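You will see subunit A twice below: alongside subunit B first, and alongside subunit C after that.
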Partner chain A sequence: MSLFKASAISVFSLTVGFFLYPLLLLMYLGWGSLASAFATRSFLQSLGITVAISTLASAVAVASGIPTAYVLARYEFKLKPLVDAVLDIPIVVPHTVVGLMVVLAFASYGLGPALGELGVQIIDALPGAVIAVSYLSATYAIRTIESAVRLLDPELENAARSLGASPFRAFAEVVLPSIRGAVLDGALLSWARSVSEAGALLVVAYYVILGNSSIYPASIYIYQAYIGLGINEAIKYSAALVLFVLAAFLAFRVAASRVGAKRR
Partner chain B sequence: MLELRDVRAKIGEFQLGPVDLLDDVDYLVIMGPNGAGKTSLLKVVAGLLKAEGVVVLDGVDISKLPPERRNVVYVPQSYALFDHMTVFSNIEFGLRMRGVPRNERRKTVVEVARRLGVEDLLSRRPSQLSAGQRQRVALARALAIRPRLLLLDEPMASLDPDIREAASSLLRGLPSEYGTSVIHVTHDREEAYSLGDKVAVMYEGKIIEAGRPEEIFRRPRSAVTAKMVGLQVLRMEDGCFGVRPEDVVVGSGPLKARVLGVVRSLRGNKALLEIFGQQLWAYVDGEVGRYVDVELRELVPLEC
Partner chain C sequence: MDLKGLVLGLVIGLVLGFGVLYGLSRTNGASTTTASTTASRIFSVGAAGTLKFAFGKLLEIYSQLYPSVSVGQPLFEGSGKLAQDEVASKQFSLVAAADTATIPNVLFKNNLADYEIAFGVTQMAIIVDLNTTVGREVYDLWKQAQQYQPLSVQWNATWSEIFKAIALSSAKVGVSDPFTDPSGYQAICMIKLAGLTFFNNASLLYDAIYGNPSKYVMRTTEVDLLSLMASGQIDFVLSAYLSNAIPQVQEYKGLAYITLPPQVNLGSLDYASYYHSVNATWTEAGRTKTFACNPVIYTFTVPKTAPNPEAAVEFALLLFSPEGQDVLRSYGIQPISPGVVYGNYSDVPAPLKPFTVPLSQVPQYAPAFP
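Entry: the complex of A and B
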């Protein structure tokens, strides 16, 4: 084996190990208490609210991300570099700051009073949690879809237009089906990013009030367990959350590939 | 009949036009080097690129119509087949966009596919086709809607040499078989000569010469056209002249030339000669010395 190949494989192994080691250790330590975690009603509620927040945020990310990604990939305009930078804000700015921004923009100032009059609650409420998490996760969907649109031959749309398709039909019948894999990937990425969010939720929705219940999002539930009950409880729920997310990921991938295979 | 009047467009730094062109033939070939603006001109005619000026098709000003209402079909160099659809759905696409009923669509697709020899491919995906099959499917998709004008951008560029002749014959027959005029863009002079009823030469965004292929190829007016059709351009005191390699006779004649090198070609050895401080190619038989006598037969006067 050449020195180059050996070096590359060594670094590769170290990197994979760096990612796997803490995860495997967590699963090893938490494995015995997984059944107990999944039998805890408050944890299941917390998983449920997390899935609801993440799924809604993912839907928002994809619905707004497809047209945004298309504009970024297909059109040139003067302020494009600025818009590009703005869309990366969620990656650059600390998430607690994003949480504060959401509180200011949608609860305290700006749109806040109007939303309040309409009865839309932001702080410690589902809409606030979804807005905060959408703000943070949409970038992942936009960038994934944008790359796919960039790789798509613009002549496909030209051909469709000259064959009689309006711009909307060319988009719906030619562009969208051609980038469906990237749209699914973007949805999954933004969903996963939303599940793992804690910083913004600490500020906007430490718990979500639903009816008479106050439910912690899963990330905050685990944080609460860690500071209130100790590391062993945190390990239990963390291992359960990781297992749940990996299972959801796997199920989504399998479903997506089956849909793809059927269409082929 | 297509008429372009003072058509101009700005594409980034590139300026297309002004272009004035009367296409009064069944098969027009626009020939030019890469970057001449040929594809851009096709897109202007198709309505895919915004431009100033007037585009008149069969007496109707279509300049302001969107692409989907022009009845002009553009077939890109890549053929732009929709990979997520079967060949059948690709051919059916234009008919579906026009709201043609399902039964009629099926009949038309099968008929066009049969005429273009792709009826056995209808259930396949474009990714499963050869380049020649892809070209036929792209043509079938375009012809299914019976366009008034068909715009072909380098349609032979991705074809292997062994199927080019068959493809040429197919393309040449389109106007008579389908009642559609064709504008075909290429940088290949043989393609232009063999297919066009008329050839327009494009350079730096403008049509610099247009006429019957025999005129353009035998008597080009400009030095740019002369180079495009295979003439070598000599700049002399009394003007510019074009000369073909076969009209540079080596072995006798009043001129002396220095031999810079000899290469093999399919038609025999070719020598690179230096005459009047300029370089010319000539066919030679056998070995040649360092200096040779040369005669230039049939010089074509050019504007340069």
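Entry: the complex of A and C
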């Protein structure tokens, strides 16, 4: 084996180990109490609300991300570097700051009073939670889809247009099917980013009021377990959340590949 | 970007980051070198968020008295989180909590400490947003109540009106999470005691607030609630201590605090038995916890793993000095002197023993401890 190959494999192994070691340790420590975690009604509720918030945020990310990514990939305009920087802001600024921005923009000032009059609740409500995590996760979908559109030869669209297709039809029948994989990846990334969110939710939606219940997102539920009940309870729910997310990821990948295979 | 650019960027980032840190450490004197072993070990304090102002002032005085000691950045946060952080990091030389239960429940259990010293008592207060009609109404009622003889008919009636306006109206109240901050369950105690005292029904106000998720906003500490109050989302903060309310209302325009009668403010050791007539039960993270309602007592310990226990003892001596006691009073904390030791008195550092007594010698305070 060459020195180069040996070095590459060593660094590769170290990197994989770096990611796996804490994860495996968490699963090892929490394995015995997984059943108890999944039998806890309030934890299942917290998983449910987390999935609901994340899925809605992912839908927002994809719906807004596809046209945004297309514009960024296909058109040149004067303020493009600025727009690029603005879209990266959620990745750069602390998430508690994003939470504060959402409270100010959608609850206290600006649109806040108007939304309030329309009966749209932001603080500790589903719309506020979705806005906060959408703000933080949409960038991941946009960037993933943008890369795919960039790789797509514009001549394909031009050919469709020359055959009489409208711009919308060319987009729907040529571009969209070609970037389907990237859209799914973007949705998954955005979903995963939303599941893991805590900082912004601590400010905007510490819990979500549904009917007469207050349901805590999983990240906050685990934080409460850590502070209020100690590290063992936090390990139990953390391991359960990791297992749940891994299962969701796997299920999504399998479903996506089956849909892809059927279409082919 | 080519490889050269990448390397250049990394170097600039590192130089900038460490340069700023080095510059700051030079200006605040933290890097002052000394031959003394004690001084070279960093002295960090972790304390309840509500001690931020009083301990901030005391640390300022301490740094002037002991310029050779490297004082680390203090950490002020909810007592529950603070204790868990100490278990995980063992970074503090002195840990101070806002109740008598946190240190025994977390640090005793993890064998990081076996005593705590009660050094002060504060009281619950309610922070009021004077920019709202209901806030202004409550504040005016409170001013009226101050004119009446305590326990008189008018006094009782006015306090009933105050609590009706807070709990039995559409006003929004802010409370801390009972699982993450003692002020969370202490707010429940205060509201139940108010119900018992002024309506002869401990559940009346409690059910009106905590039985309706739309009525309250809960956050990890009351400091988070103040930000929401300042942006107009909350009319009253119930999880406030006088020790924090005094400096905080100066920071935010249009906020004021109202003090509460000793029967409900958890600030009187004499009322400890009356406070015990209610308790706070809260369910979260799949568990239900019942908290005893006790006076809001501040306690501290020097953990067994303290990086600089000598400095912690010096700081505690400052706390018990006349100057330290004046600082506590100026922030709404009534000093407990001598300090009352719960746990293993023999492990209390010798220099602190003249300023402390074991709980067994002051049995009247026993109800306030676990």
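As a convention for this text, the second predicted complex is superposed on the first by the 264 of 264 C-alpha atoms of A that agree within 3 Å, B and C clash if a C-alpha of one lies under 4 Å from a C-alpha of the other, contacts with A are read in each partner's own complex, and residues count from 1 in each chain.
Here is the rule we use: contacts are C-beta pairs under 8 Å (C-beta built on N, C-alpha and C of every residue); 3 or more make two chains touch, one makes a residue touch a chain.
Source: prediction; values computed, not measured.
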item: Joint occupancy of subunit A by subunit B and subunit C, clash or fit; value: fit
item: Subunit A-centred angle between subunit C and subunit B, computed on Cα centres after superposition, in steps of 10 °; value: 150
item: Partner chain in contact with A:A198 - subunit B first, subunit C second, else both or neither; value: neither
item: Which superposed partner A:D124 touches (first subunit B, second subunit C, both, neither); value: second
item: In the superposition, subunit B vs subunit C on subunit A residues touched; value: C
item: Subunit B versus subunit C as contact partner of A:S214, first or second or both or neither; value: second
item: Touching partner for A:I231 - first (subunit B), second (subunit C), both, neither; value: second
item: Which superposed partner A:Y206 touches (first subunit B, second subunit C, both, neither); value: second
item: Which superposed partner A:A159 touches (first subunit B, second subunit C, both, neither); value: first
item: Where subunit B and subunit C come nearest after superposition, their Cα distance in Å; value: 23
item: Contact set on subunit A toward subunit B in their complex; value: 153, 155-156, 158-166, 169, 173-174, 177-178, 263-264
item: For the subunit B and subunit A complex, residues of the former touching the latter; value: 43, 46-48, 66-68, 70, 72-78, 80, 82-84, 93-94, 97-98, 125, 141-142, 145, 151
item: Subunit A-touching residues of subunit C, taken from the complex the two chains share; value: 78, 80-81, 84, 87-88, 106, 177-180, 212-214, 217-220, 224, 227-228, 231-233, 283-287, 289
item: In the complex with subunit C, residue positions of subunit A that touch it; value: 40-43, 100, 103-104, 107-109, 123-124, 202-203, 206-207, 209, 212-214, 216, 221-231, 233, 237
